[in-house]
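Pasting the structures in now, so scroll down.
Two complexes follow with chain A in common, the first pairing it with chain B and the second with chain C.
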Partner chain A sequence: MSTTVLQALIGGLTMGGVYALIALGFSLTYTTTRTLNFAQGDFVSVGTFVGVGTIALIGGALAIDPASYPWAYLLAALAASLAMGAMGLPLYLAAIRPFAGKAGMSWVMSTIGFGIIMQSAALSLWGPGTRMVAAPLGDDVIRIAGAGFRSQEIMVLVLAMLLLGAIDYAMHRTSLGRSMRAVALNRDAAALMGIPVERIMALSFVVSSALAGLSGVLIAPIMSASLFMGVVIALKGFSAAIVGGLTNLRGCIFGGIMIGLAESFTGLWSAQWREIVVFVVVIAILAVFPDGLFGKKLVEKV
Partner chain B sequence: MKLFRKLVLAAAAAALPLAGASAQDIKVAYNGDISGSPSAESGQIGVMGIAAAVEDINKRGGLLGRKLVFLVRDDLGQPPKSIQNMTDLIDREQVAVVFGPTNSGNALAWKHIANQKKMPVLVSSASSTAITEPTGKRPNYLFRISMVDRDQAAALVAYAAKNPEAKKIGFFVETTGYGQAGLKDMEQIAALHGIKPTVIEKFDARDTDMTSQLSKAKAAGVDTLVVWAQAAPLGHLVRSMEKIDYMPRVLTTWAASFSGFPQVAGDKLMEWPVFLTTSSAAPSSAGQSLLERIGPKLANRSMFWAATQAYDTVLVWAAAVEQANSLDGEAVQQALENLQKPVDGLVKQYDKPFSIQDHEGLQAQDYHWSRWQGGKVVDFEDPTLAAMTAADFKK
Partner chain C sequence: MSTAPSSESIPLPPQRHGAGPAPAWRSAAGPVLVAAALAALAFSLSNDFYLRILFMCGVYYLCAAGMNVLAGYAGQKSLGQAGLYAAGAYAAALLTANLQWHPALALAAAPVVAAAVGVLIALPSLRVKGPSLALVTLAFGIVTEKLVTEWTDVFGGAQGIYGILPLTWDDEPFSLQQWVLLVIALALATHLLLAHAIKGRFGRALLSLQFDEIAASCAGIAVYRYKILAFVVAAALCGLGGALVAQQNQYFNSDFVTFHLSVFILLLVLLGGAGTLYGPLAGAVALTLTDVFLARWPFIQHFAYGGLLLFALYLMPRGITGLFERKRTPPPPAPAVAPPAAVELHRAAPGPDGPLLELRGICKHFAGVVTAQDIDLQLQANRIHALIGPNGAGKSTLINILTGVIAPSAGTVLLHGHEVTRMSAHRLAARGIARTFQNLRLFGAMSVLDNVLIGAHTHLGLGVSESQARREAMAVLAFTGLHDHAHTRAGSLPYGLQRRVELARALASRPTLLLLDEPAAGLNPQETRELGELVRRIGGLGIAVLMVEHDMSLVMEISDHIVVLDRGAVIAQGRPKDIQAHPRVIEAYLGTDAGLEEE
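== the complex of A and B ==
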């Protein structure tokens, strides 16, 4: 029994780490611009395919089997983060800036539209099929106390935790992080203090999109990569952000891990009830804590 | 301007013979998914098989002394598009027969159109049991030379029931319509054999970790899994089995031959399941000739069965046209239900393949048991299979 629990624990933490990365992306843009990128899922899937494409390019150019060269995967992860990060800028300029800070929900539609455009372009480039990405550290099963894991699960878990820690540190300890938090807290005051508000807002979209691209490449060896895989992951990431509190980075991390664990432990009992349990928990938490577990009420100025 | 018009007319006249369709030609069509869904792979390969059969018939002088012209319509796996293709092919193109589709849902979406417009349809890929079931008292225009889900379930459960090593059986299905329909068939057939599955577990087609479901089967001592899932989740299932170090016998459908399965499962685990296909590893000489023609175009040789059964649909239809000596839908439908001469196909010899009640050209006993070995699909043989008779395939 204990091996089954350990199996579920690590599985849940792994997916939870990915949800937390996505949740962070939502939180970053929400706190700085009060908008969300509803195309986050498409950034995950398109980022994955940028990674898949990079690996194929490296394999083709050097005539090697990229599966046996971990650095090819590293480059793919870098390419996906950079490419998606770069896409974050046009996303901000075209879909957010015209609407941010104004009444209405136009940015909801414009970000969804941006995602659909990206996904359709990627579909015409790569087609609807699924691809498998070889894990950089091999595909063998590693046994810990009877439970079995693959290297990628451990890697996603470790990397997600490191990244979450690094972002948390950057937000609280660096001047750039402080500027971002200042913009989140009070845009006008931040501008008066000489913080380049526009640039900070654009940067938050770049970072959030890069995180989505990176998450895609991280989970690709675990899931089969497809251009449709991002939607579900982004929905869970969004739920994680809402449950943890959109305004609180640490809350988002907590929310992601909680949803990952809720999922995998419900699976021990009945896999079919997984989504039901996860979303019942989400709704129940919101009923008691409308701003999420660790969120703060943001007062809209009228 | 006049010169320009003349040039256009001349170009149009020159293009006509190139387009190849004169009023005398017989148009036949494929309407199915060749690009949209994961099953598009079987559609693309089916189209190659049909094109090869059309080429062969034209080489030996055509049908009723007329040349066959083959039209392909992609329905992208979408029922509305498939319906639109169907009416276009029947009303505007006036085709003599429609082959396809790739996806079962699309066949069910336009089944009534084929029956109302008296258009013979030979299903070369879609496997849902309901496709060829008669609807009311009307003549049924849908015939099939492909696997049937009910028959696949019959074969898989029959093997599990016959194998003395299979003491506890588990059913593992995905939660899609495909998986649920498969589960229903398997449960009914298991009841015919008087066996009860020890566990029934379900998983989402997008799931990548099935360890929790497998742990339950492991704890219950299940030694044989009958799995009803598409290629990718099937791949994740065997990966999850390896994770918890639980390797029961896995019996499954033709889904295991689709490219998605070996891609996900990897070189080692892909060799684990035993599954069904319609062509054996060593094809007949006619099959060999087809393999030589289209083999180089196949990204995945293991899907060659999709070409052979599609090739056969054309031969069987052509035999019915010759017997009816007409292209009239009603006459061909009746000839198909009462074919006098046996047809030598690639999958088998079709001796009276259809009757008024039965529109299935292939039965459970015609299927080939297969497994992956060294990157190829090879025949699977064992004493249990050798001992199985037609009576074992209860359905």
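== the complex of A and C ==
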């Protein structure tokens, strides 16, 4: 295998892991509430800047160069997840609850509106410029089989896989996960069984938003951070979720990795046409498999 | 899955009805007056700032009017309209700037190009719903945006295209005033055309597929064709809007084509009032003015826009026109006109000799589960057939095969001796097979009369006039005892009446064969008796009936011929009294040697 191919493989898997995290967030909210957060991109961007702000704050308070202290990055990741997770609650209350369970897709508009407000607030706080975030494990290039990798890529890849595994475990093996799946399958029956449906739905938005914030901090050292970077990332996460099958967690993970790989291998040929190719592939897949590759086919009983 | 309601439909305002559509000139008078007033306003304005506002109102109205057909009526919420706007704009730009077409010709060609692109995006959208449809259209918008940004050789990217030729008057480029007048004229023409189409067969067909695609196709509506048509209308109008902007500006670049434009176009419709005639106008005026007003304070502009998106639909679920609907007094109850006894219900024409419908060796299995095995069956004209059998015997499967909802794995279906196996549901409906559903599939937000008129869709397309169809629909309503409910919202009727509306809808298609899937389910004994009578009267019209039913006393009382199905196979058929005594039936159906009882 040539080194460029190996590099594209690792790069694709890394981005794919991030897309999968975001896709999982979409899947969680969709299965529990039948709604999606179309402002997920703004949660990624703003989460990144919460992380950037945290690192700067630590550096300022302790008068150190945070780039040389990996735990500063760790705290930043934590802060971004917590802050965005906390924003998930007002998102749910303002943009989702009035429309959940009702006909129509008004939540598309309301979540986009929420995102615009959040982004505008962030813009007035941090401005439109880009920021560089130092990788916590250093920017040295690691050589494996002749191909060079950045430590961040490997770290994101490993972290994303661990998180995906943990969420998958939580959904299938814990009582909270069982409650979430029960709400997903039949809200009324779940409520009758004593599951606090409202709280589960709100929780799904908190978790989904936290995942988006964390994803932002994870990729910030790989690409330069800006308040506009989230939209495309979240779109690919959305594509990953739909192509994999929105209600199938493992399908979402597969979808994310597939999109990441498709993107990085198209990048070998032409960086500019990367997104065009990815989204044309997405359209083509859905034209053939309307329920996604691993989505359950909804057979309407007639 | 869950019992959540279909995520596709928008709550529709109750539609107002007179006895029929108003004469064309009267419904056109209002819009013509409004357009004339706007034109007078344009004449009196010399300030470019205000003229530009009017121009953009007009352009957005065009985009919104098309989008309303797609999202408001057909229920297909597209998030990629910016791509179609771009298709029209770049068509006008490239045709005039590069190919030196006449500007008027280019303006006329732009909607055609956009419509072609609309077909391109409609095709992968046909089978996807909800969030997946949002993604397909969104991805299309992104692809277009990237394409016009990156493919600079053709589209000029962010540099844009200069030298787009505008329309001219006396060899002078159009003044802004003239552009405004043109847009007003185009908007008026669009409104009148759409209003005419939407009030009739076309609008009802779009609405029906928004509410229930399966019921729509079984009522004779070619679901995919109408979806493509809706996409094409939306694309052409959006493309026209884009072309107008490009030609008026004499410049266009990739910065015009953004996801936010797509969101904005959908918002125009949702905020104005989706699925209403005047919603697009209300949305275009309100949003253009809001935009202009907020532009004075750039800092709060984005916050205000975000707040609008966040709260507008919560405060006004039916948009701006919805606010006015509520204030209007409810329509007076329809005058109690005597049932139009003069209009005879359509009688089924006697077909050629031989069986009406014949099944040969029909098999169906779903992933190993056999629900029909080697079924041979003949249905005769002028007979009431009943199909009975224990739960899971394959009765509904058989009805679904006969109506084209599912295709058999093997075997042939012959209608009047012609093969119709695997024919799509709407074609079979057009050939005279009508049905009702086990679980009600009414178009609940539409009036009873409109539900019935959807049943008349096919012959409305074959030269029957709208007023004739209305008379016939009223006759069907009288026949089924629903005459007083013609203008009631179908979904608000009691369950028993809703079942009868479904029957009326099926009858309105002038069927030769009527398939009833458990018509008595959920009815009380009185309603069941009335149903039995009604089915007999339907039989009297020369319509053959095949009824799946569990109510044995009803079955035994009204059917001429009974078919018994068990585990996907026909185990007996014959006259009621033969079936009652048939040992295999007793064994399979009841499992005991007790007499036949209700299940």
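Here are some notes:
Everything that follows uses one rule, which is that the second predicted complex is superposed on the first by the 295 of 302 C-alpha atoms of A that agree within 3 Å, B and C clash if a C-alpha of one lies under 4 Å from a C-alpha of the other, contacts with A are read in each partner's own complex, and residues count from 1 in each chain.
Everything below uses one rule, namely that a contact is a pair of C-beta atoms (placed from the backbone, for glycine too) under 8 Å apart; a residue touches a chain by one contact, two chains touch by 3 or more.
Predicted model only: the values in this text are computed from it and were never measured.
By the touch criterion defined above, A:188 reaches chain C but does not reach chain B.
A count of residues in chain A touched by chain B and by chain C gives the higher number to C. Once the two complexes are laid over each other on the shared chain, residue contacts for A:8 go to chain B alone; chain C is not touched. Residue contacts after overlaying the shared chain place A:286 against chain C, while chain B stays out of touching range.
Of the two partner chains, chain C is the only one touched by A:105; chain B is not.
Applying the stated contact rule after C-alpha superposition, one finds that A:130 touches chain B and leaves chain C untouched. When the two structures are aligned on the shared chain, A:272 is found in touch with chain B and with chain C.
By the touch criterion stated above, A:69 is placed in contact with neither chain B nor chain C.
Comparing the two interfaces of chain A, the one with chain B and the one with chain C have residues 272 in common.
Of all the residues in chain A, the ones that touch chain C in their complex are 30, 34, 36, 94-95, 98-99, 101-106, 108-110, 112-117, 119-121, 123-124, 184-188, 231, 235, 238-239, 242, 246, 272-273, 275-276, 279-280, 282-284, 286-287, 290-292, 298, 300-302. Only residues 35-38, 40, 175, 201-204, 206-213, 215, 232, 235-236, 242-245, 260, 263-264, 266 of chain B touch chain A when the two sit together in their complex.
Here chain A touches chain B in the complex through residues 3-4, 7-8, 11, 127-132, 139, 141, 143, 147-150, 222-224, 229, 232, 264, 267-268, 271-272, going by the rule given at the top. Within the complex formed with chain A, the residues of chain C that make contact are 1-11, 77, 79, 123-124, 127-132, 134-136, 138-140, 142-143, 146-147, 150, 214, 259, 263, 266-267, 270, 299, 302-303, 305-314, 317, 396, 400, 405-406, 437-439.
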